[in-house]
Amino acid sequence: MSLEYTSAEMMTVTAARALENGMTCFVGIGLPSEAANLARLTHAPDVVLIYESGTLQTKPDVLPLSIGDGELCESALTTVSVPEMFRYWLQGGKVDVGFLGTAQIDRYCNLNTTLIGDYQSPKVRLPGGGGAPEIATNAGEVFITLKHSKRTFVKDVDFVTTLGFGRDGKGRDGVPNIGQGPTRVITDLCVMKPDPETKELVVVSLHPNVSREDVIEATGWEIRFADTLETTPEPNARELDVLRELKARTERKHSGE
Amino acid sequence: MAEFLSLHDAVARYVEDGATVAMEGFTHLIPFAAGHEVIRQGKRGLTLIRMTPDIVYDQMIGAGCARKVIFSWGGNPGVGSLHRLRDAVEKGWPHKVEILEHSHAAMACAFEAGAAGLPLAVLRGYVGSELPSVNDQIKFIECPFTGERLAAVPSVRPDVSIVHAQKADRAGNVLVEGIIGVQKEAVLAAKKSIVTVEEIVDDLTAQADYHPNACIIPGWAITAIAVAENGAYPSYAHGYYPRSNRFYKEWDTIARDRDTFTAWLDEHIYNAGGQS
Amino acid sequence: MAEFLSLHDAVARYVEDGATVAMEGFTHLIPFAAGHEVIRQGKRGLTLIRMTPDIVYDQMIGAGCARKVIFSWGGNPGVGSLHRLRDAVEKGWPHKVEILEHSHAAMACAFEAGAAGLPLAVLRGYVGSELPSVNDQIKFIECPFTGERLAAVPSVRPDVSIVHAQKADRAGNVLVEGIIGVQKEAVLAAKKSIVTVEEIVDDLTAQADYHPNACIIPGWAITAIAVAENGAYPSYAHGYYPRSNRFYKEWDTIARDRDTFTAWLDEHIYNAGGQS
Amino acid sequence: MSLEYTSAEMMTVTAARALENGMTCFVGIGLPSEAANLARLTHAPDVVLIYESGTLQTKPDVLPLSIGDGELCESALTTVSVPEMFRYWLQGGKVDVGFLGTAQIDRYCNLNTTLIGDYQSPKVRLPGGGGAPEIATNAGEVFITLKHSKRTFVKDVDFVTTLGFGRDGKGRDGVPNIGQGPTRVITDLCVMKPDPETKELVVVSLHPNVSREDVIEATGWEIRFADTLETTPEPNARELDVLRELKARTERKHSGE
């Protein structure tokens, strides 16, 4: 029996499943936060969620709108200063996985959250780096989740805000004390991983009912597919229930505020 | 020893045109009342420092207070763009605003270094990022022990820092609680500091919930204290009132358009009096 | 996730002969029980790091555990010398001990840098001091922004750090309260860590005196936890028992003489069993 | 009417009087701590006492034996970590005066707390630098208090643990961001200040009933005297009462522990 679910739900559930119980995860706001909390509320109750606002091991009942909602502090083990968060916990090597979203990503997993166009006269000014540049290099590995489109998946990002593997795929080679970088990208269409050699993104798994052509059309370069292409497992009923309840709770809370 | 002033007088006395100003609060305890007072007093030419500009800087930039913004993430958290910041950067309205951008890690370390009286902060940062190509304040040094290349940024040393906190006591000591951000660092790094508070209590150390390691900034390390009830609204004050996520969402509509923004400014800032 | 072990097993498993060990606690919460267990298990060749060696290191040095001591102030606070440290340094009893000395500021920064994952700490330090002439680990760098000459020291990254704290909860999270010294830094900077505690409680966040910014080290950042009641005595545990200033004074007599020291060691350490 | 007092009491009272109300003082253990607390309990109730253990603005009822006695934390405004103490509060420029003791001092106010003799084979090994090297350079100014003797007042210290004015008196010249250094030395015989030009210590005030010869005999170099040599004012009854009560309370507390 097949369940009904949206492609956004498919993306979130798949992203959530990437987190293993007991991992420490530095959580970006938005989609990563949704996925990380879903993981915590389903298969990974002991996943440790850290937000850059200083909240260590937080267990919010509703999703935070901002990276520093009161809910995060109230449900945290403790809350430290922001310098301590970046120095002791992220740079200090205590984070297994950084979970990031992005506005643009390229074939070498570089992320752009700075701007579209030219730096001096931007077409669109984006929010900027935030925590991402150092999350991506100081965390053990990086998961990335975002919606798939030609606008977001570009051959070369307009600006490397945050290192994936550099403009040539060799950006981490020989750099001391650096994490392994992005290990998977989860979209509403598929899961991609960097090629072990070239670091170029390769589709390793298509979501149910998604075709190769769907992915090709939504990607701004000639996307490669793994030789053995898997089908991403579907969400189960519990995951969908928990996710929908979480989003409904969140919606009620935020509109009431 | 901190002086107790009205918010009007504190801003009038310590925020000079052309000054470098850090108004901090990481989502929590954002000094909105103080920002509005800066707008109301028509301060101009400010260099505004803040990790996460947030809508308080959007308002100040739209009102024409800023000449330059130094930041690491300039958005409306969970909602979208800061339209006034974008309008200033992209289209020069109400006038061109210069930006200098960092990563959070670098700015957090720069505040820490400022509080620590150092000229620079050293971090393992900006590896592979193109930010150093557009920010000439980012340099690299070599560790004399390991040879590792590390990033260096100048410390943040504002002319004046403004933060909001829960309580001050009669001796001017200030308690910051919950998400403490870089508030203490901002105050200690600045030449002058203004702290707005929800309330004044008799003695912080005699409070029922006193904790020996609480984040308390002594009165002698603060220039001025002003009471500003709800002074962080629509941001929040842990233990006092929640964040108005609804207003943050509404801001998107208000700020998207120059006219609705200007009308909002007239109604809620210029003609709203303000606390004295 | 921290493992709950007996103090015997924690020391046996994680303190290896020849290891670099930091046992911290700035006067407060000094891990005496753990130090005594290290002596009892006859560990040898240790490099002992500690800002203020105090009498716990005097005991370990006198018992022959140490090959080298890295410190910034080696005395019996308010009383006088550490006679066992002096005897080792000046006369080589029970064997020669190498020393490497810093200032407090440099060591505090070196612990901070270790916790921060950096290879070096930068400070405005050692100006005009002759310590750099006898410690080749002290170097100087030039600030790329101001040209100022600043001191640099390698960060502290021990093989194992041992600290004492008030409480752990069942998830292994540890509360340190009062004079917190460099305890958190020592734990975070080390490859492995042992925390001894006065007691285990159910859940730190559910305690009546829980504070949102308390110094809590999460269980997943700690290797092993061992209960050691009165584990800091004759140092103290804020909220549990006071410092035995009397014992600190008595130590001067005990440690002054090799024979009385050896007799003390036999009676109070080797033949005293220890907690398991 | 003249009061009876010891030379040690004269020293402590004189040292206490050097502190002005409202100053922030980074306090060394022993004599400086005794003097600083006496100041707080007499003419300077709002003097801010900071100890390197992290206790900010502490008001101990009895004198601490160690720099981190429980009393210090229990009576403090708040207690910070030791790295924060040295970074934000001392190096950050928040300390008006550092109050230090020492084992040896020379004519240029350099302090030695490291060792007597040669570094590699010391005659006497002393505790070491502790907080002093950076207190002496990062505090606005430095007061020093110690008992006067030929053993402690030497022409050249065996080792410069802590900078006074260097071996030639020019150690602070041209150094950026450095405090003005020692501004007075208070002993049981007299008060000395560095010569404004040469930085060599000059006796500016003799304690009552102390002669020039007493000072000359207790000093390891040809000590200079100011042209107008003052007589240090005597302790008053209240100062002596408060000091004696403080020491008695302290004695009772420590021997009871």
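The letters A, B, C and D name the chains in turn, as written, and every chain counts its residues from 1.
The rule is short, and it goes like this: a contact is a pair of C-beta atoms (placed from the backbone, for glycine too) under 8 Å apart; a residue touches a chain by one contact, two chains touch by 3 or more.
For clarity, every value in this text was computed on a predicted model and none was experimentally measured.
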Pair joined by more contacting C-beta pairs (B-D or A-B): A-B
Whole-Å gap between the CA centroids of subunit B and subunit D: 40
Expressed in whole Å, how far the mean CA point of subunit C lies from that of subunit D is 28
What whole-number Å value describes the gap between the mean CA coordinates of subunit A and subunit D? 57
Shared interface positions of subunit B, touching two or more other chains: 112, 117-118, 123-124, 146, 148, 178, 180, 184-185, 212-215, 238
Two or more partner chains touched - positions in subunit D: 73-74, 79-80, 87, 91, 138, 177
Contacting chain pairs - touch in the sense defined above: A-B, A-C, B-C, B-D, C-D
Contacting residues of subunit C [partner subunit D, same complex]: 26-28, 51-52, 71-75, 77-79, 81-82, 85-86, 89-90, 101-106, 108-109, 111-112, 123-131, 134, 146, 148, 178-182, 184-185, 215, 236, 238, 242-246, 248-249
What part of subunit C is in contact with subunit A in the complex they form? 1, 112, 115-118, 173, 184-185, 188-189, 204-205, 212-216, 218, 220-221
Interface residues, subunit A side, partner subunit B - complex: 29-30, 52-55, 64-70, 72-74, 79-83, 85-87, 90-91, 110, 114, 119, 121-122, 124-134, 137-138, 159-163, 166, 171-172, 175-178, 253-257
If you look only at subunit C, which of its residues touch subunit B in the complex? 117-120, 122-124, 137, 139, 141, 143-146, 148, 150, 152, 154, 177-178, 180, 209, 211-215, 238
Interfacial residue positions of subunit A with respect to subunit C in the complex: 22, 24, 48, 56-57, 73-74, 76-80, 87-88, 91-94, 138, 177
